[in-house]
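One chain, subunit A, links the two complexes that follow: it is found with subunit B in the first and with subunit C in the second.
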Partner chain A sequence: MARHDEGVVTVGRSRIGTFFANTTGIVFGLLMLFPVYWVLNTAFKPTNEVQSFTPTFLPENPTLDNFKSALGEELFLPAMVNGLIITAMAVAAALVVGFLAALAIARFAFYGRKAIILVVLAVQLVPFLALLIPLFLMMQRAQLTNSLIGVALVYLVLLLPYTVWTLRGFISGIPRELDEAAMIDGCSRPQVFWRIILPLTGPGLVATSIYGFIQAWNEFIIINTLNSPQKQNLMAWLLYNQTERGTAWGPLMAGAIITSIPVVVFFLLIQRNIATGLTAGAVKG
Partner chain B sequence: MRHGKYPFIIGFLAVPVALYAIFVVGAYLQMFRLSLTDWTGYGTFNDIGFANFEKLWNDSVFWTALRHNGFLLLLLPIVTIALALFFAFLLNVGGGSKGGVTRGVWGSPIYRVIFFFPQLLALAIVAVIFGRVFGPDKSGMINGLLPDSWEPWLFLASERWALTCILVVLVWQAVGFYVVLFSAGMGSIPQEIYEAAALDGASRITLFSKITLPLLWGNIQVAWIYLGIAAFDAFALVNIMTVNQGGPNNSTQVLSLQIYLNAFKYSQAGYASALGVVLFFLALSFAWLTLRVSRRDAVDA
Partner chain C sequence: MYAVDSPASPARAQQTPPAPPAHRTRRRRNRSDNRVPWLLTLPTLLILVALLAYPLYRMVVLSFQNMRLRELITGLTPPWVGFDQYTKALGDGVFWGVVARTAAFTVVSVTISVLAGLSIALLMRRVHSKVRIFMMVAMMFVWALPQLVAAQAFRWLTDSDFGVVNYVLTKLGLDYANHSWFVNPWQGWAVITTLVVWAGIPFLAISLSAGLTQVPKELIEAATVDGASSWQALRNITLPILKPLLTIVTTLSVIWNFGLFTQNWALRDGHPEPVYQTLSTFSYTQAFGQSRYSYGSAIAVITVLLMFGVMVFYIRQMFKIGEVD
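Let's turn to the complex of A and B:
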């Protein structure tokens, strides 16, 4: 790196420094990537290669058998469908409830507003596992154990703080002048919410639904506690399957890949905006 | 104002407030209530006062678990934040500058995706993968790569190192998220500041410690709290990865796992609730302390 670049003095950057930076980057990049690569590697290997004590870096005889055997498992497809239903219900409900709550908190000053914000935030700070026992008891009393709706309800509660908080940030970012202008032009309050604020909150809704999707899709402790083996989602199925069958690593890794696909696809679609989505809500006071 | 605001407020907040009242506040109250009983998890129960807490005080497993949570609480935030800051800096301003514009190292956009990858894998899957990485015999990934003449490393089967393995996985899983978070924060620091400092001959290290770090303080504070909470939890990994759930010989036992085991394995839901009460107060005091201690040095937070 030249010290003078197009006439501009650049930072005291040596070749060595840049080399060091690049090398550490690559080494740690590989460390981050290696386990993921190993999953792929294992998933495409036939059983004898998986169990071999001399590891190979690529499958010698790549096969889709592991995927077939994972997909062919009795409870795989039901688990996938359960997961999709629960996730869809929880995310949709969180968006509706969360948007309205965020509107109230962002657009109105009222008695108890601070208290609500504080409670919502405080709840996020306590590991949810502490609540597993009373939740189990409550769901049992309400006869909502072993039901998809019961699990979706709990997930909704889990997703709400982040949803409300993020959407509140987005809504606070919309100038109040827009509301006022629309009302002078004859919009009613509900119309302002529906026609002005909702469309402008679009990116926030996308960000929160992605977050919600990932959380709900990947959850396994609550569903495993509340539901019987027939009513699990993919993640819980994967773990249940592992303990049942010991070390069938090939199909397990194939199952892990299938389970991760929706999240990865989602991520690749929105990859560019992820940082904005993560932080945008937090910025505006 | 043509419409009163209260109909809106009540209408918009009724559902979430009701959900919270039932599922969170109600659940906590029940947890407090159950912590004073001998409930097994089924049927009826009797009030036994503070007997559960007395038992807890004398329970050596509880103290072991607490010590392990303390270990994670101390190291997880420090290691993760240090690594994340380092890489975020590398990706954003570490690569040298051209035409007066500082940039990240070569290939920054690719790293951003790579670092975020672990975030996409569910904790459950991460746990399963690392169970494989840390396999204690030659079929384990790391041991498989070691020379044949070496004794295989025990990893999770070793009382001494098992908890460190858990820490490594927690860091591996978390670091990408904070790289992205800090990158976003660094992206919002005006280029002019770096340029001005660069003109004055500041090195990478000076740029980092005198500009980046202070301006990111708010983000770091948030990261600290979230990682601390993750350290209090750690349930998924410990439950799935460790030998005999929390072993060998309780060397990876943590509070959350104790709650789970007591409630759903040992049929001691009352005692588990008492542990839950302890976890509740520990987590809240941690967050409160972090906010109090870091508030006064916050720069423009």
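Let's turn to the complex of A and C:
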């Protein structure tokens, strides 16, 4: 097989070249992983090993103390619960509202459709931080600062354009013939949506909500600006934790791991969708 | 009908509705067809108007006023000051420094990221399948990591006392014991750029390597048989085919990196020194650190205007490619 490769498919590719390529690939992978490995390594070290001028590349006395101390922090559990509540509210709302709009764009030819697509695309590019000042003032006036609902509302807008756009893609993937066949069989339009499109968009709904979860879970600037330390999410807790006790690296890294686990797991589940979602059109073209 | 058997099976249980749509005249159907999609889009549009368009409008209005802490607390309408905030910004050397820094960072980081991403994508075609899987897995983990966590990891790696980077460099014979990476802004920005490039490579390399699978192998082979060097094949075949995708990922990288906030914010403990300010952090600190809400808004407006060209280009590209039908 290798002979075949060298001789026919890839003219001018020497065995040395392939060896060099493989080595570069492995070194690249290791370099990419190094920061991740170092976070894990640090999290399992006792304090005296963390604060050592000759760091070891594996913990000599592995311990879970850092995790215990992170979990035992006063604001850790509230932050986790807050984050889950906010994320659930934002994702659920974005999914319901976004699905309807996606349905309209994917299944109807109507006046203004193109304008709506343009808005949905353009809105994703607005640097959201730029809007933070007026949003803060609006929430202040509506007395929604320091509340979970205020943050969830902002996250909803953050997630909505992406949700509409991705669900549109999933719905477009369902052949129209299915709709037509069902209508011939006597389904009304709402029934078609309810019994055919919705169930077939299932995987798309899951993927979109996972992506929404990741976005909302990872956000910390908005919540940090709108809410007091008691009403933060885990990511913002991580930032607070940093400024208040900058040198407690062990617990910080343990906290970082706990915070990342749901995101990493979810991300790996839907990575295919994320990669294609961002560039779908281009790859196809 | 038979094609829909499994997904529509619950629907089949339903008896024929009493008034089939065929009853309606063509005209009425058209009108209702136009109303239904708008009704479906209405909630989305309302939310976007209330929480995006309106704040955008408020931001512009604010930038022509002078809103300070007093107005925030008392709720009084801030005084109208016309273009004062803008003339203040445009006449301020500090502001121009921030603009230049943000632009320079964007150019450098995007160039490095895209070149690195492309090289990795090309490399992935040449390596053994096991090596390719390893590279994919490594990149996936990096991609999955939340930005703030990645920034914290880099802060720890470059810690002056116990950081492993200083340790390794010292071991290599350089004098980096207790070296502080953020005293010299060039070094500090090198750390920030490394972090951004490292975190950006997975998206670029994985997207581009997906794009590379669209390049027909026969074409490359034919060119090689005709005597093209691998560089020529890359330049004249692979890159032209890859161009639309390359444009999209580059544009996205420009948009993301121009808005740099998390990385310099976290690496500087939430208080970036003047040399570590970018447009986003500058606008934020002016507003929320110094209670200059109007000045911060003016800077945000300028930021959006600066990005506008790139955004329009991106959207046009999306339409051109035909993803948007």
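Here, the second predicted complex is superposed on the first by the 253 of 285 C-alpha atoms of A that agree within 3 Å, B and C clash if a C-alpha of one lies under 4 Å from a C-alpha of the other, contacts with A are read in each partner's own complex, and residues count from 1 in each chain.
Please note the rule applied: contacts are C-beta pairs under 8 Å (C-beta built on N, C-alpha and C of every residue); 3 or more make two chains touch, one makes a residue touch a chain.
Remember, predicted model here, so these are calculated numbers, not experimental data.
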| item | value |
| --- | --- |
| Fit-or-clash call for subunit B and subunit C when the two complexes are aligned on subunit A | clash |
| Subunit B or subunit C, by number of subunit A residues touched | C |
| Touching partner for A:Leu125 - first (subunit B), second (subunit C), both, neither | both |
| First (subunit B), second (subunit C), both or neither touched by A:Ala21 | both |
| Contacts of A:Leu77 with subunit B and subunit C, given as first, second, both or neither | neither |
| Partner chain in contact with A:Ala88 - subunit B first, subunit C second, else both or neither | neither |
| Touched partner set for A:Leu64, first subunit B, second subunit C, both or neither | neither |
| Touched partner set for A:Ile149, first subunit B, second subunit C, both or neither | neither |
| First (subunit B), second (subunit C), both or neither touched by A:Val263 | both |
| Footprint overlap on subunit A, comparing subunit B with subunit C | 9-13, 17-18, 21-22, 24-25, 28-29, 32-33, 35-36, 38-39, 42, 51, 53-55, 97-98, 100-101, 103-105, 108, 110, 116, 119, 122-123, 125-127, 129-138, 153-154, 156-157, 160, 164, 188-189, 217-218, 220-221, 225, 235, 238-239, 242, 249, 252-253, 256, 259-260, 263-264, 267, 271, 275-276, 278-279, 282 |
| Contact set on subunit A toward subunit C in their complex | 9-13, 17-18, 21-22, 24-26, 28-30, 32-33, 35-36, 38-39, 42, 50-55, 97-98, 100-101, 103-105, 107-108, 110-114, 116-119, 121-123, 125-127, 129-138, 140-141, 153-154, 156-157, 160-161, 164, 177-178, 181-189, 191-192, 195-196, 199-200, 217-218, 220-221, 225, 235, 238-239, 242-243, 246, 249, 252-253, 256, 259-260, 263-264, 267-268, 271, 275-276, 278-285 |
| For the subunit A and subunit B complex, residues of the former touching the latter | 1, 5-6, 8-13, 17-18, 21-22, 24-25, 28-29, 31-33, 35-36, 38-39, 42, 51, 53-55, 97-98, 100-101, 103-105, 108, 110, 116, 119-120, 122-138, 153-154, 156-157, 160, 164, 188-189, 214, 217-218, 220-221, 225, 235, 238-239, 242, 249, 252-253, 256, 259-260, 263-264, 267, 271, 274-276, 278-279, 282 |
| Partner subunit A, residues of subunit C touching it in the complex | 1, 3-4, 7-8, 10-12, 14-17, 20-21, 33-34, 36-38, 40-41, 43-45, 47-48, 51-52, 54-56, 58-59, 62, 67, 72, 75, 120, 123-124, 126-128, 131-132, 134-135, 137-150, 152-157, 159, 161-162, 164, 167, 177, 198, 201-203, 206-207, 210-211, 214, 217, 221, 224-225, 229-230, 244-245, 247-249, 252, 255, 259, 261-262, 265-266, 269-270, 280, 283-284, 287-288, 293, 296-297, 300-301, 303-304, 307, 311, 314-315, 318, 321-324 |
| Residue ranges of subunit B in contact with subunit A within the complex | 2-3, 5-6, 8-9, 11-13, 15-17, 19-20, 22-28, 30-31, 34, 41, 83, 87, 90-91, 94-100, 102, 105-107, 110-111, 113-118, 120-126, 128-130, 132-133, 138-139, 141, 144-145, 172, 175-176, 180-181, 183-185, 187, 194, 198-199, 201-204, 207, 222, 225, 229, 232-233, 235-236, 240, 256, 259-260, 263-264, 269, 272-273, 276-277, 279-280, 283-284, 287 |
